[in-house]
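Across the two complexes that follow, chain A remains constant while its partner is chain B and subsequently chain C.
Let's turn to the complex of A and B:
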């Protein structure tokens, strides 16, 4: 496969993890502007485990998952009494706090004559896992698509489950949820933690693919984009955020003539969606209709 | 069985409830009426855990519920409906009723309730595609399927015609069962006559002792 195409597709796949992570928070009715920080945590942890500790990539990604989940769990516990605007602002602050911490993190070691490890704003270079294991662009694309597919299958299972319906009830109408005996806090913490795990994993793959990471990569705009993918794609299905990713990165960023206008076009697109179809392309209603048409059980 | 005693509640220095007591035995059917603003909604919100009382205590069987969150009230068996029917708008009615009655021990009850409610043909619809009388019934089905100790209805007559209200009352009478206690907060005394045994009137800033005769 053409390496450029492969790298664009890989990029889309990796950002999809972040978009799904933002989607999971939206399910429980909250808006997070901070998922990029947990993506960053995953990236730094994976880089540290593979480069500094010479650990196996499985361990590295597992560490990223646990690290991302732990980060969001802390955020969730800190904001346990907040919701709406206040929660959103807190996620933004928390994410920036983490990014600034990464800017201050210097832990370099000389290994085989190379300076390795996180080096403040310079970032973390020489993450050589894909070179050491002779992965080319296509191989890595296959790896990340496989991981994303597995995640999507898990999410489809979740989407059909009682748990998801309960979480949506918590997200849409916490009073109704409580009147049905559901504790909103449990669902919120659970989904927010899950979102961190997904972001961490995606960040881990991102670090392996990019071979160099730095704090500036995990800025607010990354998180804002991740969030808007669900607004465009819709919350009715885990496919929703993917549609947003394909539209933004697949169409806008990758077509070079459009790339310069990406922010304008994409911002306009988001604005149009918010006005004309705030529930996104794949709304719950549309998904239910499609299921009905394909003869699935109604209830 | 259920008892709340000496309940007081003020909002910003204005006392809404002063020394209200409510005692329910299994199978009691009590109506509470009263002018606007005497605190009927506040009373419901306290009895279901959505508001914490300033004074007083709430107990169901041996369980102290004072200051517990609303979801614990619901789990303990105190279910309510809302003045404006409350459903998740992004899921079908069927999904929501089957969610409420998902536990194996409730399946038969749910099937039975659905058979008697003419809701079967609306299960695949979203709440905003369903008529108000059916939604009111659906709310009762959702509440009764878990065989609660107490079902509290908040102004079920709102938006219903006399005929619809009568039908709703008949349905409620048929399905309530002998165990569940019923509390109805309502203006319409004709409806109260169908579904309740005792009606009490709340008055502003007056203590109230409610118990079935």
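Let's turn to the complex of A and C:
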């Protein structure tokens, strides 16, 4: 496959992890502007394990998942009293705090005559895993698409489960959920932690693919984009965030010759689109209707 | 004496944050919405001012006027496209995402108007002087006064006029106000214009004190405004003023004692702490309590 196309597609898959992680928070009725920080934590942890500790990539990604989950769990516990906009802003602050901490993180070592490790604003260079293991762009695309597919299958399994229904009830109406004997706090904490794990994993792959990461990559813009993808795609199905990513990055890359004006057109189009479909493409209602029609044909 | 000097500098900067914070608080207090594109509107106003300056040739006051008008127009445009169509209570998220999309759009338009990274933004030539041991920049003092006057004018508008009465009624209870004949959608438009004008004044003061504009200004001012509002308390206008002043003072102190790289970290940390310990902010406790009561009916 053409390396350029492969790298665009890989980028889309990696951002999809972040979009899905934003989606998982939205399921329980909260908005997070901070998922990019856990993406960043995953990236830094993976880089550290593969480069500094010379660990296996499986361990590296596992560390990223645990790190991301731990980060969101801490955030979730700290903000346990907050909801709505208060929660959204606190995630923003937390994420920026983490990013500023990354900016101050200097832990470089000389390995094989090269200076490696996180170096403040310079970031973390020379993550040579894909070169050492002779991965080219297409191989890595296959790897990340496989991971994304597994994640989506898991989420589809989850979507049919009782757990997901209950989580959605908590998201739609916490009071109603409480009166049904559910504890909203548990669902919120659980899904927020899960979202961190997904973001961390995506960040780990991102570090391996990019071979160089720096704190500036994990700014608020990235997180808000991920959130936008979920909203455009719709919250009716785990595929929704993916559709948002494909629409945005896919369209952006395909009208590259208009680079200068593309955001002017695209931003306006998104706002207009939301006027006509405020719930995104795959809304709960559309998914329910599709399911009914599909079910009738097959029963 | 150094502490006093730093605090004074912080107060001067804080007064401009207060104006931007008021822009957010007005919109949030009345519509329960966050306009993420607010900073981009200010950037648009400033870019338009620089873009038109060679044709108009009105000097600094031209910059001031065009920045204000441009920001207000952009703000009104954002209201029409992102907030007017999404009025249901559950649609605040959709409106916020739509405003984010317009943020990107306005950012891009601004960087088309200003192709270089930094552009000079003239300020008024004012003498600087020493007040005892304290060094005062004349233009900053003037800005402080302008901010004070703007806030006073807003106070008069809100508490002494009929329009202000309508605005306060809507902020209290939009449904009742609507039933009593307030044209709530039209009021939303007015609020966005007002926020744009105040923000434009704030943007002029910040940019002319700095002397330049960069494309980062949009994001920067969105954050400052949001943090000022949250610090003071969501939707509370006095809160936004106090929050802005505190933000300015804390920021200058942190910058002076810890260095520039820790300055933003301290502000974000402070806001995070305030949110955790006192979720309603310093002043907006009442709103927070009524809202959380509404959530916990059972």
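Assume the second predicted complex is superposed on the first by the 280 of 299 C-alpha atoms of A that agree within 3 Å, B and C clash if a C-alpha of one lies under 4 Å from a C-alpha of the other, contacts with A are read in each partner's own complex, and residues count from 1 in each chain.
Here is the rule we use: a contact is a pair of C-beta atoms (placed from the backbone, for glycine too) under 8 Å apart; a residue touches a chain by one contact, two chains touch by 3 or more.
Bear in mind the structure is a predicted one, so any value in this text is a computation, not a measurement.
Touch criterion not met for A:154: it reaches neither chain B nor chain C. Residue contacts after overlaying the shared chain place A:271 against chain C, while chain B stays out of touching range. Of the two partner chains, chain B is the only one that A:182 touches; chain C does not reach it. By the document's definition of touching, of the two partners only chain C reaches A:94; chain B does not. Between chain B and chain C, C touches the greater number of residues of chain A. Looking at the shared chain after the overlay, A:261 reaches chain C, while chain B stays out of its contact range.
In the superposition on chain A, contact is made by A:81 with chain C only, not with chain B.
On chain A, the patch touched by chain B and the patch touched by chain C overlap at residues 175, 178-179.
Looking at the complex, you find that chain B touches chain A at residues 48-50, 69-71, 74-75, 79-80, 82, 86-92, 94-100, 102, 123-124, 126, 142, 146.
Chain A meets chain C in the complex at residues 26, 31, 78-79, 81-86, 89-90, 92-94, 96-97, 100-101, 103-104, 174-175, 178-179, 220-221, 224, 227-228, 231-232, 260-264, 266-268, 270-272, 274-275, 278-279. Within the complex formed with chain A, the chain C residues making contact are 28, 34, 36, 81-82, 85-86, 91, 93-94, 96-109, 112, 219, 226-227, 230, 234, 261-262, 264-265, 268-269, 271-272, 275-276, 279, 288, 291, 295-298. Residues of chain A touching chain B in their complex: 162, 165-166, 168-169, 172-173, 175-184, 236, 283-285, 288, 292, 298-299.
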